[in-house]
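In the two complexes that follow, subunit A is the common piece, with subunit B as its partner first and subunit C second.
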Partner chain A sequence: MAAEGDKFVYDPERNYDDATLAQIRVMENEIASQNNIVSERLSMQNLKDEYADADDVFKLKIKDLESRYHYMRRTRGDGNCFYRAFGFACLEMFLADSKNLPRFKDVAQKSRDELVSLGFPQFTIEDFHESFMDVIEKIEKQCSVTELSDIFNNQGLSDYIVVYLRLLVSGYLQKEAEFFVNFIEGERTVKEFCNQEVEPMGKESDHIHIIALTSTLGIPVRVEYMDRVDSSKCTQHNFPEDSQPSIVLLYRPGHYDILYSR
Partner chain B sequence: MVIFNITLPLFYFEMSSKRVSTTATARLKQDYMRIMKDPVPYIRAIPLPSNILEWHFAVEGPENTPYEGGIYHGKLVFPREFPFKPPSIYMITPNGRFKCNTRLCLSISDFHPDTWNPAWSVSTILTGLLSFMLEKSPTLGSLETSDLTKRQLSAQSLQFNMGDKVFCELFPDVVEKYVEEMKKREEEIKESSANDSAVNKRPISNLSNSTQDHIQGQGNNNGIFGSALANILVIIGFAVFAYTVKFVLRSVVE
Partner chain C sequence: MTSMEKRLQKELQALTKDPPAGVIVNTESVSQNMSEWIVDLYGAPGSLYDGEKFQLSFKFSPRYPFDSPQVMFIGPNIPVHPHVYSNGHICLSILTDDWSPALSVTSVCLSIVSMLSSCQEKKRPPDNAIYVKTCSKNPKKTRWFYHDDTV
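And now, the complex of A and B:
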């Protein structure tokens, strides 16, 4: 590591991969030590405190959020936050209202064979699928929110869920490749896009990921956009557009958290 | 495909129907059982009995490649976060394609955590490694050598592996096969030298007697020695005769 004040000089002969990886590890550990993977329910005051010194654009938007939402849950900023936030909110919703749970379970159950038929290695798919179904069964048995929170805060279990949700997104995009190829940037096939932007852990999610996950699971989601756009209110977007979602996520550029309606 | 027939520590088979923990260990045990049941073509892989995060593998050089006949030893080192993060890959046996004991930069290795898919298994990694080995595209940790060099290294590979303790412990059947092969080769050499003389004798019966005598005379040490002895006897006979004549003539003159 260069001492402070030293100017970094790029040496084209040197390989920086090791140093880069080490740096990434340090950053990951720092993030992990500061935040739970999925936090407790927090009052909106918590968000307010974060923006205490921010300009009016954010303050007005927080005020707008406060008027409509009671609580929030923060998720760790590790690139998997959308999957974590969506997964947690979705399962927590079924704990409160299990009306649609059998249909959801059925979709989840059938997804395994679809993924295998797309060419994913069978036994690893089975592995991830099995642990995903285990969690759904716990929800079926009406486990507590604390238990669900414990699952999501166990790094291994939590990451298994994220992997399966990523696979579901990849599977849906590939199945509907003809449609989605029009929305992919760069000269990439849908499969390449999935290999590079969906399947690897820590790859952030964009609209296309959200559309795929909500479509394949049949669980709509609302996203509140809190960005620098000059407006006194957050922009809302429902996926799919004509739905009435019960899950709400808060989006701030690069990050998703969970919101709870009043 | 060769299937392992070694007795393994029992813990590899302790698998509850419901996974209790989803750690690297649990997943790698599953991977191991899978790879035993369903081996990867040309490759055998086995974790160290003392550390399931370190696997050793032996790649058998496929036919019609410069690696044919070679056995290449290497290792995979898995991070605690496996399968969420990829392993590092090392080659140990000199092979002409990859540097030895250097982390290889492949899309399936830890140089590219950003392209690693947690759904990939040890089988996927090893299949990927083999196909990359058979290609020529360069990457960090790769070498550029001629096919001739690769063939030479392939011929030396078994000998090299025999000097590696871990290899001998983990792949005793490969070692055994090698030892047997060496024995067979030695026997073949012996047999072929024995065959050489037989080859010389076999067509003789078809030839005429004189030729046979001629060949036997040339090929048989006894024959040469025998004829020399006969010649000496004749010469001695002559000498004795000459002396006798000389003696008789002298006595006649006196």
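And now, the complex of A and C:
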């Protein structure tokens, strides 16, 4: 009907999937072309600019962040941001202070056999484990922050690291399944949750993922929550609660970036 | 060799050396083109597909294993199954949403064998006619809704 000229009319004989997926691809490419996977260090002014037109809740919270943090590093919003932010911040920390690096390397080294014993296919695990250890060896040899940044901005290498961190999370959740089953929504087993929400690329991370990764690697992290909650300060949360983390991530609903303390 | 070819080379070695029951990779197809494989699949003994032979086509993008492979049944015998359309497309979550780079050709084959083995009644998906008429040639371009894990 002519009167319905602009109105969407569903045609059951047509396939809309192609168009929808093409649209999703365009959005993904846009995100990819606009941002580095992990950015340079940016001053907090950069965050301020982003919220120039925002309301007071955000402005006050940025002021709060500015008083405690000097710089930030942005990560690409592709659903893997938590892993990239955590991975980068963690390895960068070891470049500055390698005291705990041998312990970290040892944990990473042993993780391969643990994952294989949980039933992950050996040769895919080996593949990802190898490239993860390669990066740790580069850190041991005191590569520059620029080199680390190059690794994280190389899509292939960067994704290899993300996959291994995802596998570590999955492995820990499955090992401690009896505990974590209480925190999983829907009628799913821990294994199903891992298959659906942890192992596939691009699946976003929640508290449970953070708890698993920080616990399995023994690297505590602080998260600053900047959301719409009516308060003049960001909410802080340490994982685990009684720790003194040297890594800080900024969380805004759906996204993680890295923060650097003053 | 690209990282995709290296990875597939390893998978091929593992699959030819130590193939799971009922899974045989057609090495001739692979020798011609590393990014397109044909795998023969045999219905498991005791299942509704006992004694039947099927063919799976695997296509890999340069982004494999970060991109899932495109997998469908081809050839004269397409299994009659509630999750397999008559054009060979398969509704299985690990082929799209739940794909992980830690999975492999072997794990995909095993999932498909297990999907066939647990079938109680040979029938096509309820929306087979409309789907086959309107879908894209590439099953990865379908937005699947995974609803029933029991068959």
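FYI, the second predicted complex is superposed on the first by the 242 of 262 C-alpha atoms of A that agree within 3 Å, B and C clash if a C-alpha of one lies under 4 Å from a C-alpha of the other, contacts with A are read in each partner's own complex, and residues count from 1 in each chain.
To be clear about the criterion, contacts are C-beta pairs under 8 Å (C-beta built on N, C-alpha and C of every residue); 3 or more make two chains touch, one makes a residue touch a chain.
If you're wondering where the values come from, they're calculated on a predicted model, not measured in any experiment.
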item: Partner chain(s) touched by A:A54 [first = subunit B, second = subunit C, both, neither]; value: neither
item: Which superposed partner A:D134 touches (first subunit B, second subunit C, both, neither); value: first
item: First (subunit B), second (subunit C), both or neither touched by A:V229; value: neither
item: Partner chain(s) touched by A:F123 [first = subunit B, second = subunit C, both, neither]; value: both
item: Partner chain in contact with A:P12 - subunit B first, subunit C second, else both or neither; value: second
item: First, second, both or neither for A:M201, with subunit B first and subunit C second; value: both
item: Overlap of subunit C and subunit B interfaces on subunit A (superposed complexes); value: 15, 17, 21, 120-121, 123-125, 127-128, 156, 159, 163, 167, 195-196, 199-201
item: Contact footprint of subunit C on subunit A as seen in their complex; value: 12-15, 17-18, 20-21, 120-121, 123-125, 127-128, 156, 159, 163, 166-167, 195-196, 199-201
item: Subunit B-facing residues of subunit A, complex; value: 15, 17, 21, 24, 120-121, 123-125, 127-128, 130-131, 134, 156-157, 159-160, 163, 167, 195-196, 199-203
item: Touching residues (chain side subunit C, partner subunit A) in the complex; value: 3, 7, 10-11, 14, 65-66, 93-94, 97-104, 106-107, 130, 133-136, 141-143
item: Touching residues on subunit B, where the partner in the complex is subunit A; value: 18-19, 21-23, 27, 30, 34, 83-85, 105, 110-111, 113-121, 123-124, 140
